[in-house]
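I've put the structures underneath this note.
Common to both upcoming complexes is subunit A, partnered first by subunit B, then by subunit C.
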Partner chain A sequence: MTAQAQDRFHALDAALAPVALLANVTKRYDKTAALDDVTLAVRPGELLAVLGPNGAGKTTAIGLWLGLTEPDDGIVSLMSGSPLDIQSRLDVGVMMQDVNLAPELSAREHVALTSSYYRDPLAVEDTIALTGIEALAGKRYGKLSGGQKRQVQFAAAVCGRPKLLFLDEPTVGLDVQARETMWRTIRRLLDEGCSVVLTTHYLEEAEALADRVAVLAKGKLIAEGSVAEMRSLVSRKRISCASAVEVDDIKRWPGVVDAVRQEGAVQVTAFDAEGVVRKLLAADETLSHLEVKQATLAEAFTELTKEAA
Partner chain B sequence: MNRSIVRQLIAKDLYLYRWLIAGALLAGLAALPISGREGATGTIGLILWMTAITALGIFLVMYGVMTERQSKSLLFVLSLPISPTQYAIAKVAASLIAFLIPWGGLLATIVGTAVAFEPPPEGHIPFVVALMFFMFANFAFLLMLLLVTRSEYWAIAGILGTNLGIPAYMNIVPRLPGIAGNSDLPEAVWSPQILTTIGVEAAVVVLCLGLALYVQARRKDHI
Partner chain C sequence: MNAAALTVGASSARESSPLPIGRTLRAYLIEAKYEMLNALRTPAFAIPFLAIPVAIYVLFGVFIAGGGEGGEFGPGIANYLFSGFSVIGVIMPGIFSGVGLAIERDGNLLKLKRAQPLPPGATIIAKALMSMGVAAIAVTLVVIAALIAARITISVPQVLIIWATLIVGTIPFCAIGLTIGAYTSGSAAPAYGNLAFLPMMWLSGLFIPLPDALERWVVIWPSFHLNQLALNLAGVEQFTFVSPVRAAVVLVGVTVLFGGLAIRRLARVG
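Right after this comes the complex of A and B.
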């Protein structure tokens, strides 16, 4: 290989290298494994949604990536370096769960203070405009509502022009407008090449924003893939139609999980969607408005975590 | 080590502590003339003066260390490009500065007032200096205790212990040989016993602050 080709290979390798990596990581608290042999990588420019019920290990994973705790086993890397290295964290923005900042400082002062720790931050007013907190900027943090505090924390997370952004339950307590603004900013950062790790309990949020989803349960990685791949992991489908067939009869058919009548339409959840559709058509010649949908991410998540429990 | 980050962290803490510093200094200064009076009024003034310094120390460690940890703002700070060592140095330095401004101001006022008096009632100065160092050592001990143990229970135990230590100190130390009776003299007597007492207190301060820095800077788990 020529030197030029080698340079190109190394450049390509660096571009594809994960910006954050947990490799066979185990972390225990006393005898409980918060993470058990988990391997998880965040690729450049992607949004990875980390889902899981409470106590699944999501916050521990983020804590490991940020160097707030060390693994008992395995390797953790951040921006191709150690999470304990300040250089690695210069390109990282963080919005953590349940954090309270100094109540005496204004939102603008918090953004300015956080910006001062980074080498090439956005101008304070640019951060305020980007995150849509103009109306909050002069107010004391302690006087803000829970949702408004989250917006200020988000501004503090993005002020350092991060290449990797950790968002731990970012939209909890936000009104619809504030959530839309936050989603728009996240999409803009992704367009600019930023990678994002998002933990959320709002599965529609993961569905709307994520390139990839990782599901943790009881400290283990139980599934990983694109939103479509995750949904396809779950074999159940939703059938909707206008039909005179009684739902109590449908419930007794093989492969049917549930059947209800909502606003005149029959809604059936089934493992064997094709078989159920054939039976419906045979039972009711007047059947109309037939729709078959794959499981939502929420349904996939529920089924996957139920299996892991 | 990026010194500007440490300076910014110190400046942030001092900004947050500014009213606490001013309040303790003003309360202490207001109590000083009262403590110079005879009888019960003087005792009340003395208690107010010591309370101003003691309460400052307690507030600084509870607000600056314990609340910062409980509100998880410590996690936020440590997730920024700030190392545990930088945080530890900044926290200890900011707490020290915030304590030493009123402490130093009050000590200087007491000594200055005593020296300026004619005839000079300077005999009590060595004991007051020793008492001030004892309260400084109490503060350093509390700061170390909270930074090292991170425990609310230890904090309460520490506060109770150091507070109970002050009346005990005031009962025991003035009766020690080489110190007893010196407070009534017109001139300050810096006996070996009082200098040893101050030296031990200063050593406790250095030891506590060193231990706090050492443990906090090497801590691996902040969650």
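Right after this comes the complex of A and C.
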């Protein structure tokens, strides 16, 4: 291979290398495995949503990536280096849960302070404008509401022009407008090539922002893929119609999981939606208001984690 | 496991560079600056630590004990009282810096800072500089009061030597405070801080005569050694009882022991 080709090869490799990686990682607390042989990679420029019920291992995974804890087994890498190496964290922004910043400093001062840790941070006023916290900038952090504090923490997370951003439940406590501003900023960062790891309990947030979703349950990675792939993992569909057919009869049809009558409409949950629709139309010529819906991410998530339990 | 990815990743690792030395030093200074600002804006921290030393010096050192010829010790007692009350201005911000640390640990702030690219030891260095800064203000207020009251008989250069020695001498007390903050919760830290501070204030003979039974034990308190070091270096021979080398060794020992305990604990649990 020529030197030029080698350079191109390395450049391509660097572009494709995961910015954060857990490889066959196991982490135990006492005898309980918080993570059990989990392999999960964050690719450059993507938003990976890590979902899972409380105690699933999400916080442990993020703690490992950030060097806050070390694995019992497996390999953890951050920006192609060790998470324990400060150099690996120079390109990483962090927003954690349950953090109290210094109460007597203003939002602007917090952004200035965090900016000082980074190699090439945004100007403080640019960070304030980017994250839409102009109205809070001069106020003492301790005087802000819970949602406003999250906005300041988000500003501190993005001020260092991170190539990788960890956001742990970022929109908890935010009003709709602040949440929209945060989503818009996250999308802008993604457009600029930043990778994002997002944990959230708001599945619509993952649905709105994520390129990929990883579902953890009881320390195991039980599913991973695009939002569409996650949905398709769950083959159930929701059929809704106005029909005189008895729900008890529908329940006996093959492929039907459940059928109920709600506010005059028949609601059917089925694996074989097409077959059920054919039978419904055949059984009731007056059937109307027919609607077939793919399972939402929330329904897929609930089903996946139930199966893992 | 994607072994190839790790190997491949090394190429991008080469592209990243460490924070330049100038920016690293700037990060330490900015951390210390905002630590100081936060402390001075916290009324429960700033007001007592700045006001109490000068207030009790004026009350006991000037109005009550400052008049006349100073009894059996002569007029030189005013110098000893000035130095002793100044030491209190150093002990307080040093030891109680641990309360802030404990509160920050409770609030996961140290955990966040461990996840950020904060230069190594910046939190501890910032707390030490903040304590020295607050101590400098507190001792300066005592110096101003002493010069205005005109009771002290030592020269201004001697006052400045005592001032400078005490400011540097904040470090061992800060080490004790950080150990308290590293091992206790935010709600318990003030109690442990008082447990360390009150005996040091009352039992190291800084400003009140002690009974013989207690006087022989003053050597166990670092506050006694700091006072002795300051008086020794300023050449106030009337009230120096131990050599400056011995006092300095004790203070360095306290710094190494407690600083080491704090650093060890913080490295493990943040």
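The criterion applied here is as follows: the second predicted complex is superposed on the first by the 287 of 309 C-alpha atoms of A that agree within 3 Å, B and C clash if a C-alpha of one lies under 4 Å from a C-alpha of the other, contacts with A are read in each partner's own complex, and residues count from 1 in each chain.
Simple rule for what comes next: a residue touches a chain if its C-beta (ideal position, glycine included) is under 8 Å from a C-beta of that chain, and two chains touch if they have at least 3 such contacts.
Predicted, not measured: the structure shown is a model, and the values here were computed from it.
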Partners on subunit A (subunit B, subunit C) - clash or fit: clash
Touched partner set for A:R89, first subunit B, second subunit C, both or neither: both
First, second, both or neither for A:Y117, with subunit B first and subunit C second: both
Partner chain in contact with A:V99 - subunit B first, subunit C second, else both or neither: both
Partner, of subunit C and subunit B, that touches more residues belonging to subunit A: C
Which of subunit B and subunit C A:T69 touches, first, second, both or neither: first
First (subunit B), second (subunit C), both or neither touched by A:K237: neither
Which superposed partner A:T60 touches (first subunit B, second subunit C, both, neither): first
Subunit B/subunit C common contact set on subunit A: 66-68, 86, 89-90, 92, 94, 96, 98-102, 104-105, 113-114, 116-118, 160, 166
Subunit C partner contacts - residues on subunit A that touch it in the complex: 10-11, 13-14, 16-18, 21, 23-24, 39, 41, 66-68, 74-75, 77, 79-81, 86-92, 94, 96, 98-105, 109, 112-114, 116-119, 140, 160, 166
Residue ranges of subunit A in contact with subunit B within the complex: 59-60, 63, 66-70, 84, 86, 89-90, 92, 94, 96, 98-102, 104-105, 113-114, 116-118, 153, 156, 160, 166
Of all residues in subunit C, those that touch subunit A in their complex: 1-3, 5-6, 8-13, 15-20, 23, 26-27, 30-31, 34, 37-38, 41-42, 103-104, 106-109, 111-112, 114-120, 270
Interfacial residue positions of subunit B with respect to subunit A in the complex: 2, 5, 8, 12, 16, 71-73, 75-76, 78-83, 220-223
